[in-house]
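Take a look at this one; I'll ask things after.
Chains here go by letter, A, B, C and D, matching the order in which they are written, and residues are numbered from 1 within each.
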Amino acid sequence: MTIKLVENSYGKSRVRLLRVFREKDRHDIKELVISIAFEGNFEAAHTKGDNRKILPTDTMKNTVYALARQYPLESLENLGLHLIEHFLTYNPQVSRVRVRASENLWSRIPVGGKPHAFAFTRAEGEKRTAVLDGERGKITIRAGIEDLIVLKTAKSAFDNFLRDPYTTLKDDRNRILATSIRANWLYESDEIEFGVVWHGVRKALVEAFAEHDSESLQHTLYAMGEAVLNSMDCVREIHFSLPNKHFTAIDLAPFGLDNPAEVFLPTDEPHGLIEATVRRE
Amino acid sequence: MTIKLVENSYGKSRVRLLRVFREKDRHDIKELVISIAFEGNFEAAHTKGDNRKILPTDTMKNTVYALARQYPLESLENLGLHLIEHFLTYNPQVSRVRVRASENLWSRIPVGGKPHAFAFTRAEGEKRTAVLDGERGKITIRAGIEDLIVLKTAKSAFDNFLRDPYTTLKDDRNRILATSIRANWLYESDEIEFGVVWHGVRKALVEAFAEHDSESLQHTLYAMGEAVLNSMDCVREIHFSLPNKHFTAIDLAPFGLDNPAEVFLPTDEPHGLIEATVRRE
Amino acid sequence: MTIKLVENSYGKSRVRLLRVFREKDRHDIKELVISIAFEGNFEAAHTKGDNRKILPTDTMKNTVYALARQYPLESLENLGLHLIEHFLTYNPQVSRVRVRASENLWSRIPVGGKPHAFAFTRAEGEKRTAVLDGERGKITIRAGIEDLIVLKTAKSAFDNFLRDPYTTLKDDRNRILATSIRANWLYESDEIEFGVVWHGVRKALVEAFAEHDSESLQHTLYAMGEAVLNSMDCVREIHFSLPNKHFTAIDLAPFGLDNPAEVFLPTDEPHGLIEATVRRE
Amino acid sequence: MTIKLVENSYGKSRVRLLRVFREKDRHDIKELVISIAFEGNFEAAHTKGDNRKILPTDTMKNTVYALARQYPLESLENLGLHLIEHFLTYNPQVSRVRVRASENLWSRIPVGGKPHAFAFTRAEGEKRTAVLDGERGKITIRAGIEDLIVLKTAKSAFDNFLRDPYTTLKDDRNRILATSIRANWLYESDEIEFGVVWHGVRKALVEAFAEHDSESLQHTLYAMGEAVLNSMDCVREIHFSLPNKHFTAIDLAPFGLDNPAEVFLPTDEPHGLIEATVRRE
């Protein structure tokens, strides 16, 4: 018997960054969280404690800041591309660099009906994300969205499902449909107008969710996938991970009251979870 | 020596609720989390295990749902007033009812440029809150806001402060100012247009934050308090609890780069914390 | 009308610290989170942006580290006392210093049946806490415990309670009782063996929880309070905030199965909340 | 162009459960969180809204409770095996069932020096986990551990690493090493004494962590992997995901103090992240 290191990676996670762009009468900001991971020839570090091929993760962090200063930082994806190029150029021991990035979405505070020049607000939840995988001569870019919470109070049903002896759920032609959209999509190339496309995908997702005549969350997932692929040629496939956030109509009969789908109990657990990839072929 | 029960309360926390209002061509929703606490004559339950004066907290929960079905639920505050009246009317053993409520803020999904009739999205963070304290013949209403994150990249300084041997902080005439606004304010009466006033207070807060020439977070806190009290006659006082969310300019000199207030490290801890009440007298 | 600053405080929260004590054949560690708040004469900072009396919160943080280096750090309370003395001595503008502290509880990893000399593990939840309030010539010390989760499967009932038309809960002579103990207690003086007493209080709490014949969580709260006050002369009063973490027996009748109190659904929300202070008089 | 559903699964997540075993003079408990996912022939649900092959996730939840009542529930893994067998037997449309399970670890409260018969306490963090993947005629079982926090104050170094122009980190022969162990390991078969082995793996992990002369977290990861594989024949491979939780020695020189590795700043972000699989071949 021998014991062997099979696969391995190392890196720095949650490198946080606020970048301010100062123009004369207007500031712009981006707030990012970056994670970097290296794959490559690191066996001696594991088996012998030999660190000579280990670039410290602290250096990865420094590199994020140095590059964020030197490049315009138009998008998550642009910063990711610069980081990958930098690390692959100067680190022959590295075969693959993965950059994960997420962006907190700030918007301008309206003052007197106009967006303010340098004051911003942001919501906690929704994030724009990207994952870039770079090897020498090959790069893969996935953009994404997380924690985009949506709910509809009509055009949502779930019935005619399979029943077994443990089934107690009843058919429902008028249920609440709610989820927190987590999706990521693969680009056909690295020459994309990343910001424009991201906003287009987001629009396609929420409009499809709102308009769809839903027979299940699976059904709506697929409709959202179709909407994105039909409107964005540069997207090859889209993957979804959608919790089915259940809202149960509360039984008010013990109190002499009816409940015509008006009072619901929102619950976090347990929840359904629907995952699928929809691809253009 | 005797051992005595000095003060006590009991209740139900985190009663969650989605209320749907269905009109012909438009649905409205409210998502609330309600907590209820009773004070009163409950000593025998503690000292003797005698539960005859204890209305179960499960019943408090049921009451929230039953009343949410029967009343229009215009606002957190209206539901709170109904709950207090109900509990004080039917429970002579209760001397005081406290209702805490918070509302997740849903907005309509835009489809084709128009707000959708029954599809919604919401951000995680910001919440509208209320705390109502009711005794027989007396009620106190505080409305509030939580997790309203704001940041400005200009008009913020902190200098000329007190120095001691442990002080290393440097004067700064151009720092990032960021906080997560948590505020609650006391109403002069219970006859308030709660929704209209809440939106007015929110507007006063964010506009004051944006416009103020800040010498410190204390200074801006006070300016926000003044703005609210000056614009809303029905508000007697406002209390703030404001974390100073630090953004540190990163030293890029080791990499041969300057950093003219462009690249910052956002941090969650440690953070400053400024608390104060501003009152009209 | 005039607008006035009514009350105010400022400080630094979540100053984190690991302190290592190195002896020849044994290391000891303490991991703490400290928060400091000042009350005093800070009106000019709020109303005029005059910072001359404001010791920066960054300096508070530095002071924590400098004092943690210079003192043996036997307990949260000792560090708190040093901090209060330091700040009140050098800051005449400050009338009151509040120190909040919490400790992550590390224990030694057992190796070959013996506690290791310098390797440790810790659980996430339970924390030892302290709050010290110091004015010139007067100090108040409260120690505490948080997130101590306990559960019992026997000797727990809730019945003979008050019923109204919204009550659906049934009498239960055999329910699960579970809570997460959050308590703090007031010391009679500042000359306490803080560590010894804290462990004594913790023991009294969990033993009373286990042994008590409970008719309600209120009933058990009081029994725990009595147990602490009876065993610790130096404790004047103890305050509890106890969530009633509900475990509901699942109805298995639809599947042709009984459920003799064997399969339960644990829930986080809604939950009961019982708060009380028990005092020696 | 055609649009196609490429891969998909659906299921129920976070089904919570407390199971009580009542013997005459002793109760035992297990608290579990179960997630179930199906893969199979579900295309019509996505593309046509045809639910006839969809067993509701609500039924999955009911099945967990019904089976938890009927089987002794010795371990996560045993419950998982029963669930997989049940679902594959009665659902020909399902090709694969994945069960994820995690267990909150309760221990008996000591009273008078003896473990109590029916009163328990638990820490928040550490969890025992399992993931079972079942197809007809083939099953894969991975057990695991999460959030096992460990720290050592000696025998930890990181030096002689690769340097580039962005490297500022200094060699360190005496650093704190801390991580939160997240590991899962693959069993050679499904006939394992799951409880005994799990405790054996845990012991091997923490002892290796404590005893190892560490040149890096990679080095210690590999040592822990070797220790597990050397002591447990039934484990084929083990995968680790280890955050490097940094503790930075605080520079006290500005205050005229030295810091001989005694006062450290614990930080959560950014953090290193080391991932690897160690396998017996």
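Throughout what follows, a residue touches a chain if its C-beta (ideal position, glycine included) is under 8 Å from a C-beta of that chain, and two chains touch if they have at least 3 such contacts.
These numbers come from a predicted model, not from an experiment.
The chain pair with more C-beta contacts between its two chains, of C-D and A-C, is C-D.
Using the average of C-alpha coordinates as each chain's centre, B ends up farthest from chain D. By residue number, the contact pairs of A-D overlap by more than half with those of exactly one pair in A-B, B-C or B-D, and this pair is B-C. Averaging C-alpha coordinates per chain places the centre of chain C 29 Å away from that of chain D.
Note: centroid distance chain B to chain C, computed from Cα atoms, is 24 Å.
Our note on geometry: chain A versus chain C, Cα centroid distance of 37 Å, whole angstroms.
Multi-chain contact residues of chain D (touching two or more other chains) are listed as 16, 62, 66, 166, 168, 254-255.
A complete topology is adopted by the chain contact network, contact being made between every pair of chains. On chain A, the positions that touch chain B within their shared complex are 16-22, 27, 29, 31, 62, 65-66, 68-70, 106, 109, 111-112, 116-126, 147-155, 176, 206-207, 209-211, 247, 250, 252, 254-255, 257, 259-267. In the complex of the two chains, the chain A residues touching chain C come out as 165-166, 168, 254-255. On the side of chain C, the complex with chain B involves touching residues 1-16, 35, 37, 42, 45-59, 61-63, 66, 90-91, 93, 158-164, 166-169, 213-216, 218-219, 221-222, 225-226, 229-230, 237, 243-244, 268-281.
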